[in-house]
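For reference, chains read A, B, C and D in written order, and residue numbers begin at 1 within each chain.
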Amino acid sequence: MNSWTGWIKGALAGVAMLGAGAAQAAPVEINFYYPVAIGGPVAKIVEDLITRFEADHPDIKVKPVYSGTYPETISKALTAYRAGQPPEVAVMLSTDMYTLIDEDAIVPFDDFVRTDEDKAWLEGFFPVFMVNSQHDGKTWGVPFQRGTTLFFWNKDAFREVGLDPEKGPQNWDEVVEFATKLTKREADGNVSRWGMQVPSSLTSYWLLQGYVAQNDGKIADETGTQTYFDSPEVVEALQYWVDLAHKHKVMKPGVIEWATNPKDFFEGRAAMITTTSGNLTNIKTNAPFPFGVQILPEHKKRGAPTSGGNAYIFNGVAPEKQAAAFQFVKWLSSPEQAAEWSIKTGYIAAREDAWATEAMKAYVAEFPGALVPHEQIPYMVPELSTHENQRISRVIDDAIEASLTGKKEPAQALSDAQKEADRILEDYRD
Amino acid sequence: MSAMTLSHHAREASFWRVLETGACYLLGFLWILPLFYAVWMAVHPPAYEVRFELLAPLTLQNFVDAWNAAPFARYFLNTFALITTILVCQFVICTLAAYAFARYEFPGKTVVFMLVLIQLMIMPEVLMVENYRTISRLGLVDTVLAMGLPYMASAFGIFLLRQTFLTVPKELDDAARVEGAGPLAVLLKVYVPLARPVYVAYGLVSVSYHWNNLLWPLVITNSVTTRPLTVGLQVFASPDQGVQWSVISAATLMTSAPLLIGFLLFQRQFVQSFMRAGIK
Amino acid sequence: MSGIEIASLNKSWATFNAVQDVSFTVEAGTLTVLLGPSGCGKSTTLRLIAGLEGATSGAIRIGGRDVTNEPPARRDLAMVFQSYALFPHLSVAENIVFGLKVRKVPAAERARRLQRAVDILGLSHLLDRKPSQLSGGQQQRVALGRAIVAEAPVCLMDEPLSNLDAQLRHEMRKEIRSIQKSLGMTMVYVTHDQIEAMSLADQVILMRNGRIEQKATPSELYLRPATSFAARFIGTPPMNLVELADGADGAVVKGTNGPALVEGRGAGLLLGVRPEEIRIASTGIVPAIVQSIDYHGADSILECLVGDQLLQVRVEGVRRHAVGDPVGLEWKPEAMHVFDRETTRRVERKVLVTADGAGEVPALRAVK
Amino acid sequence: MKKTNNMVVPWLLLLPATVLLAAFTHIPAVMTFINSFYRTPRGNRPARFVGMDHYSSMLSDPVFMAALKNNAIYALGTVPAAIALSMLMAIIVNSAIRGRALMRMSFFLPTVLPMIAVANIWLFFYTPGYGLIDQFLGLFGFHERNWLGDPDTVLGSLMMLAIWKEAGFFMIFYLAALQQISPTLSEAAALEGTSRWYFFRRVTFPLLMPTTLFVMINAIINSFRLIDHVIVMTRGGPDNASTLLLYYVYNVAFRFWDTAYASALTVVLLAVLALLAFVQFGVLDRKVHYK
């Protein structure tokens, strides 16, 4: 086996050199993988930030690598790691933490946090964002581009059906009540406007988590080895979601694409939608009518999931490169940069001091909607994150899709999903 | 048969003719419709994505937006590099192998030929998991070479060229040998020139295959500097927030443009080449 | 039985007139050959008769019925194609009865006709073969079989023998003629082979550039070609055509001073004499010089220079002359054909005797 | 000298091709088989022999079962439809119809474009409510449908795209075959008054059989090989209603990083393809050739 690959390796050595590239220069050079999940000139923003960082730290050179979506980023990073050439730092989903730990691919931040200033920086993050960054008492990643879900409504549609356009629904029952009024059926039975819409095409567990939190439940524990998919709180939450479509008939049946959800909103085909906070800017620019935005409605209590990325530092690279990577991450997530990143991309600044910067204050004054995610922070719960997270999230996504499309009852779907999750996670329990 | 009934027959026949011709045109129209629609979306502002107005303002902004939103220039370069590498290697490797199969007798020939033909059934993407391991052992992950390597010894190419070489009269071969040409000289002076149309055909098939290939490049590339157009487009078109269809349409058309224009210009050759590649 | 009448038939495509003003009649039960070089419109004419092409104008009547606008199937005819048009996936038997099945002829009747056809053609041991397993001659027979079982009064043949070797062609020609006669078919037969035409036809229709050059019986075509084209097309080697010029006493071969051969002016006329009609004799009145000798065994073709014109002369096999020999040529007066060079039409001119010196010269009587 | 030369030259000529084929087809195929009996190694857990574990867990893996079923439906749906349509197209384009060059272009164009590109376009067609298909059906009073979001329609929707994309490609092969059929055959049949349908059934269709076999095998391979549109349009959802076998392999291998299980799945895929190859070369091939 090895002999024949070795043979080809020898034959191709010359060509392989082309792929390796990268000359050694005097400053420490680090590779930075970052995903771009929101459209727009993010690459430009990142390069801008890097230029300023390099001006501050002439001994470090940062090479940005635009790596596609989140799943692609982790694929690429892990591949590179296995090939012995990991990037020094990468932004990947906070929920990929366990996968990365299991692969032995990342190192904890604790080793680099030495000065008081470092400690203050690390403690400055909102605790809820840190849940998906810490494991076994160590910090494996720091929150970078984080988000949550928000509730949007079309004020014109509210006015049309006699609702107060300035006030969105505050709880589950009001959502149903409002949505029923807002759903417009034509004479032929065709629905030209749905009252409520929640996307469900991918990572739909994330939206389910909001309902579960509002229902005072929990979808998984924080060790990453146990899920509670079949708990009554989760079942009730999914049942409520499914009922919007099937019982109350105020939501489009079937799976709703993330991509078309805001488009439906702009086209006036959905009067109220839940979507990621990352859509704030998109909706602000493209909605042809006045719209309202608020935190998610409550049930037993308020609740919403966090989401988004962490910056991770990789294992298997030279210590001075890791140190440089740490400097870069620290700089990137310091208040000014966090605020700037938030303003330019729509992600939530994950530390209180970022919200206190002048730039952020000015932005919020100009666009009050930007404050809504901040308002939600106290109610947030960590995102589902387990070992083999991609697989587990696919299992629960499938259950949600099966329920929304009427193929299975929520209770049944969730109990199946729990069994499957137990099977997968068994190996990781002690 | 009276004139009456005859004309009745004729009328009926022509009625069915017209209906049938109409159905044919409808089918043709339906087939092209998706592309027309993509063009419509790409050249109008986003507001007209779902509204058809004949006088809707035309714009090229979508193309500009798409071009600026992702490093398409680099993707084009990568795709060109990829197909050039593949094509050159395929020509050389397949020509040599086809020549051996067509003009030499040696023990084990049939077995080796069968082993080659297996690849017609088992395309490299089916074995992507193992191929990925091999490539990463070679340290070639995320290189243009890695995208091409599994396709370079193409069973289809070997088979096609072998069939062509078999039709070359043995006398020409003999004549060249009498003049003192060695095996390679015979191959280059006699077989390759005679098989030129087949090379063109195979080249076109191969270019359009690899221009369009997604799965393997998707798996094996991970950076802008190697990613071909298809993967670039896939990355570009899958944000989970709002999607601008007109920009995606523009990007889609842009990435297909060279093939599309090439096809429109050389339609006849294209179709004939595909036919040639298929008959054998 | 049905004869065929073609009246002022025309067929033109966008830039090309394939058939122009063609009219002829085929008597019931006779065989007419459409003869001509490739591209002369003979196949198109046949396809017009079959209905495979639509006429631009003109009329086609078969058995007295106007079929000009009828589809092929309603013309009551059978056709044998040059490529035989055998269905490669069907057996010999299936190929032969294909049309009968289409016309829903009952199975018993199909079997009877099949039996008769294979008996005539000697195909009975090949019935289960596929066309690709047959020799060319056998394929040809299958194609004939298909025409026979149709029992159509009219049978069209489009160069049916051109894919066979010479020996086979000769046999099949006789066979086709005997089948045609014994079944009493009205047959139109297309060929570019003059020997085939001459040996088969009751009537030959010679075509050129979409027009009829001459319609006649084979012997009439040979003896009295209506045009210089017809004259050259029939006969091997073809008829000599030499240019005439004005002479003192009549038309002389261009480049000579005599003898005068034809009355009147000679400029613009061509004189035709078949090589086999010319003799080399001491009494020959036309002086010539042997240019070359082509030895064929039973006979030889001598190329002789008369004035500045070349004449081919067929002589008995034995070699009596050498290149450069001066000789005298003679022929019978009725062997002379005169044509107008411009119009190619035959010109009736009185044939002359010139008294070159004294003595009795063979009388060249006026033809007709 | 001459004898050794004769032996060495062909092997030298074959060397590059055989090395590459072995490296990327034969050895991987064998390794896939071997690896399917081991557990995926992870950072701190080495690979371990697990015997048939992967295969037995496949049987209780609902996603695998769904993928198998979907792929069967997908193949059974797309292959005959693509064959029938491509045959029809070839006949149209081969006929005397006016503007047939334009028609040929229209039929063939989709095959030149990358699947990923057309999938992006079609994604929009399927958008409920204002997508092209719903807008069009709306004219006839149909309600909006969530084509890609409904497990009952999603697979069908993907199949439509695949047929649209592939039919023109197969048309070319039929066109080539039709042009091989001598036009005198149809003339001979016309003389007998053969209806076009009878002629198609008794002559054209049987004569096209070798092409049909060729096209069928290609179409079937494609139905197991081409998953670009699944990646773009549905990612296998909803609830795995559009997961195809190779897409599942891709997911397990490159999303879940369970390469060993992916190997076991690949083995199943290879078995299916081998079976199809056997059917082609062993059984059908003998029946359809008339020469």
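Heads up, the rule we're going with is that a residue touches a chain if its C-beta (ideal position, glycine included) is under 8 Å from a C-beta of that chain, and two chains touch if they have at least 3 such contacts.
Not measured: the values here are computed from a predicted model.
Chain centres here are means of the Cα atoms, and by that rule the chain farthest away from chain C is A. Compare each chain's C-alpha centroid with the centroid of every protein C-alpha atom shown, and the nearest one belongs to B.
A separation of 90 Å divides the Cα centre of chain A from that of chain C. Chain A and chain D have Cα centroids lying 36 Å from one another. Separation between the centroids of chain B and chain D, computed from CA atoms only, is 15 Å.
Each of residues 8, 75, 202, 260, 263, 267 in chain A touches at least two other chains.
Chain contacts: chain B has residues 50, 134, 238, 245 touching two or more partner chains.
Counting only residues that touch two or more partner chains, chain D has 19, 23, 27, 31, 130, 254.
Residues 21, 24-25, 27-29, 31-35, 37-38, 41, 49-50, 92-94, 96-97, 99-101, 104, 106, 109, 112, 115-116, 118-119, 121-134, 149-150, 152-153, 155, 158, 183, 208, 211-212, 214-215, 218-219, 229-230, 233-234, 237-238, 245, 248-249, 252-253, 255-256, 259-260, 263-264, 267, 270-271, 274-276, 278-279 of chain B are the ones that touch chain D when the two sit in their complex.
Residues 5, 8-9, 12, 15-16, 18-20, 36-41, 43, 65-69, 72, 75-76, 79-80, 82-84, 202-203, 258-260, 262-263, 267, 275-276, 278-279, 282-283, 286 of chain A touch chain B in their complex. Residue ranges of chain C in contact with chain D, taken from their complex: 50-52, 71-75, 77-79, 81-83, 85, 87-89, 98-99, 102-103, 130, 132, 146, 150.
Chain D contributes residues 6-7, 9-11, 13-14, 16-21, 23-29, 31-32, 35, 88-89, 92, 97, 99, 101-118, 120-122, 124-125, 130, 132, 135, 164, 168-169, 172-173, 175-177, 179-180, 214, 221, 224-225, 227-228, 231-232, 246, 249-250, 253-254, 259, 262-263, 266, 269-270, 273-274, 276-277 to its touches with chain B in the complex. Residues 46, 50, 68-69, 71, 134, 136-143, 145-146, 222-224, 235, 238-245 of chain B are the ones that touch chain A when the two sit in their complex.
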